[in-house]
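My structure is below; once you've seen it, I'll send some questions.
Chain IDs A, B and C follow the sequence of writing; residue 1 opens each chain.
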């Protein structure tokens, strides 16, 4: 009896349409105009520094980009960055969620502290880590290393990509924790107790009850992080500027270099199209999952 | 049966009680250590903001004489307030417009659904999947040509559109949770659509609308891709201002820390307040 | 003064037809109950009357005027929702006065009317509370109060008691019946609970799969169900059904052969029956009597002693039958019992599940709840 009833009114459809129109129109424009332009530019010779060299380029921009080792380096960096951060945040987030699900003194405050990094703007977190944590001589980590007799590490020259991964993971681990903890709280206590009556220990409960319950939340975390992580920009911009060399240049940063530093609109747009394609491969799965959710 | 019973019964013996206490103590220590380690960079940043520049780069210590000189310097030298004002204007402006456009849309989707409603919602979600970097070039060129580069209006437009799908989704899930009966009772009592919305829907879903607005503010406040690429000096919000500390000559840690602390404090507090509802919005209602 | 007519009302959601052409007359001041299993369309039917749902086809008339295109607030109806649908952010008084506030009624007048309704429902001490601070029964009363305030010509109740516990339900049932007498209004009431239907209705409308199975007074439905569905739905515990075969038909009724051998003549009209028609005997548990000489027998599987009565669940060859017996019967589980029935209490259903019409009308079949209260006022209906 609780199925959704369409308002049977004949004007209902019209009213719905007019109320949705502003949002839908704006989003449509927001999507189609820039997307169309990106695709159009990607087939043009278009360099802001060389206004005379304009015209149809065919697939030349793509050819140029795809044969440029920088692109492959950037793609590799992108995947490495996304992959490592995902692994750290999902595994770490699950474990932390289990920990913060336990009852202990001051849990509420500890929980709030642990999710805080997610609310810190990316430029702040990147600079705090770069200067105060990872600085080769005055950083906290250097001091820690020295106090246990290890040589201080120049993080951004010795392990540039790892450093970025640490910063980004620090920002996104709380996100995974927040989502997974919320999901965990919706786990039916009776189910856990039934399992305990059946003789399951804490580890068996984790693997047979908790983890399956978290499956959807974990996949949501993976999808959403992937979408954001594919285009990490500010953290690289304020720390390494893509360097040393190309060591920390990801796809987003490469497009930025091509577009706003080299003023090569055509190639940058081709890069943009590639980024869109990559993101959409991920998005298809996410949309499908959310659609399933919407059905019930 | 007896082994099962002894395993599952609450610990009644003194030894059982002790081990339960010990377990709790371990978890308490573990939980707090993890939380403190994760929070440490923020804590350290706040602390450094109260140091002098010399103390800031000295060996880490918790003992120092706190000073507000960095805070004063940040305002005096670079006009922190101007950037903060930009952030406030952009975050609140974009949130206002996003809510204004999204509320009618979400109302229609939740209470007057058609066959296409689900598809529209999913399509809105899919616009979120378009990576900003993919459309950076055209947006930059359009903004340059119509004079929106480095303006608050430009950022407000971008952030409104950027957050619109999430705002619609979040409002939609809140509206859907509202019992339909109450609106129908209102209709039986003679309420027009506008009265229905003003007297019943908005007051009843106010907490949901508020947390949606807060999420939108948080997302706009912390956005760093468009602000870095589309603003320079006039309209730069705090994200872009903080980024200016990355230049090697600007390595003043105490001032960086003071400025950062001021930049993240309001959002951190908002974030703490709305964490539950944020989960809903960020996962498009897939996790509640 | 309000009458309601439904003419060939149809409702489709997409391709599914949930209401399949319903005709119905509701008289002035009548208490009509729509009853049926969940999914039968009774709530949809009421929502169409309320105007919350539009009819795909057909006409809805109030006092002879077609109101299909009139908005819900302008039909002169008030509805009490299953969930009560109180406005959670308003006090009891504001809840009850909301419709008047929307209509622009001055404050004093609003208050006077709310107080009047509150008095009827004993809500006066609660007027300043919010719904959250009320018990289930109190919320229910506020919802009714909100309806009363509107002074409607027809009250609609959508399963109003289903969220209350059993004791409160009985109490509210009595209160609703009292309210009906007091307000002298036309009331339409939807429920899936046949006891509510039996106790409150002047007229019961039994719905099943979007069609009306039978319309009639509670006693008419109980004594003369027109088909197997109504027979099974009305009455508790449920009617027993046994497969029997036809022996012969004569002017006194239909002679059937019972399982286990015996023959009985049931006083129903069997003129149209074929010689070897498949028949089903329907007999209510309270009409089966334990009898050493009875034609039926079986083994007791479960025995429930309620004190004043005992329910016996007896396994026959191909059926489990329920017998309501005296509280003091000495039988025990696994005993074999013999039992029988008075033929005029039995019902016969043909192969299509339709009841064969009874040759004698039950004396109470025309009686409505109102006739109970006014002795002799409708004695002409007592045959």
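Just so it is clear, a residue touches a chain if its C-beta (ideal position, glycine included) is under 8 Å from a C-beta of that chain, and two chains touch if they have at least 3 such contacts.
Small disclaimer: the values here were computed from a predicted structure and weren't measured.
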{"item": "Chain located farthest away, centre of chain C as origin (C-alpha)", "value": "A"}
{"item": "Top-ranked pair of chains - ranking by C-beta pairs in contact", "value": "A-B"}
{"item": "Nearest-to-centre chain - CA centroid comparison", "value": "B"}
{"item": "Centroid distance [mean C-alpha coordinates] between chain C and chain A, Å", "value": "59"}
{"item": "Averaged-CA centre spacing for the pair chain C and chain B, given as whole angstrom", "value": "55"}
{"item": "Computed distance of Cα centres, chain B from chain A, in Å", "value": "15"}
{"item": "Of all residues in chain A, the ones touching two or more other chains", "value": "6"}
{"item": "Residues on chain A engaged by chain B in the complex (per definition of touch)", "value": "4, 6-7, 12-13, 15-17, 19-20, 22-24, 26-27, 30-31, 33-35, 37-38, 41, 96, 99-100, 102-107, 109-133, 138, 140, 143, 170, 173-175, 178-179, 182-183, 186, 196-197, 199, 216-217, 220, 224, 227, 230-231, 233-234, 237-239, 251-252, 255-256, 259-260, 265, 268-269, 272-273, 275-276, 278-280, 282-283, 286-287, 289-291, 293-295"}
{"item": "Complex contacts: residues of chain C adjacent to chain B", "value": "50-52, 71-74, 77-79, 81-89, 98-99, 102-103, 146, 150"}
{"item": "Interfacial residue positions of chain B with respect to chain A in the complex", "value": "4, 7-8, 24, 27-28, 30-32, 34-36, 38-42, 44-45, 48, 57-60, 101-102, 104-105, 107-109, 111-114, 117-118, 120-142, 160-161, 164-165, 168, 193, 218, 221-222, 224-225, 228-229, 238-240, 242-243, 245-246, 251, 253, 256-257, 260, 263-264, 267-268, 270-272, 275-276, 278-279, 282-288"}
{"item": "Sites on chain B touched by chain C in the complex", "value": "179, 181-182, 184-191, 195, 199-200, 203-204"}
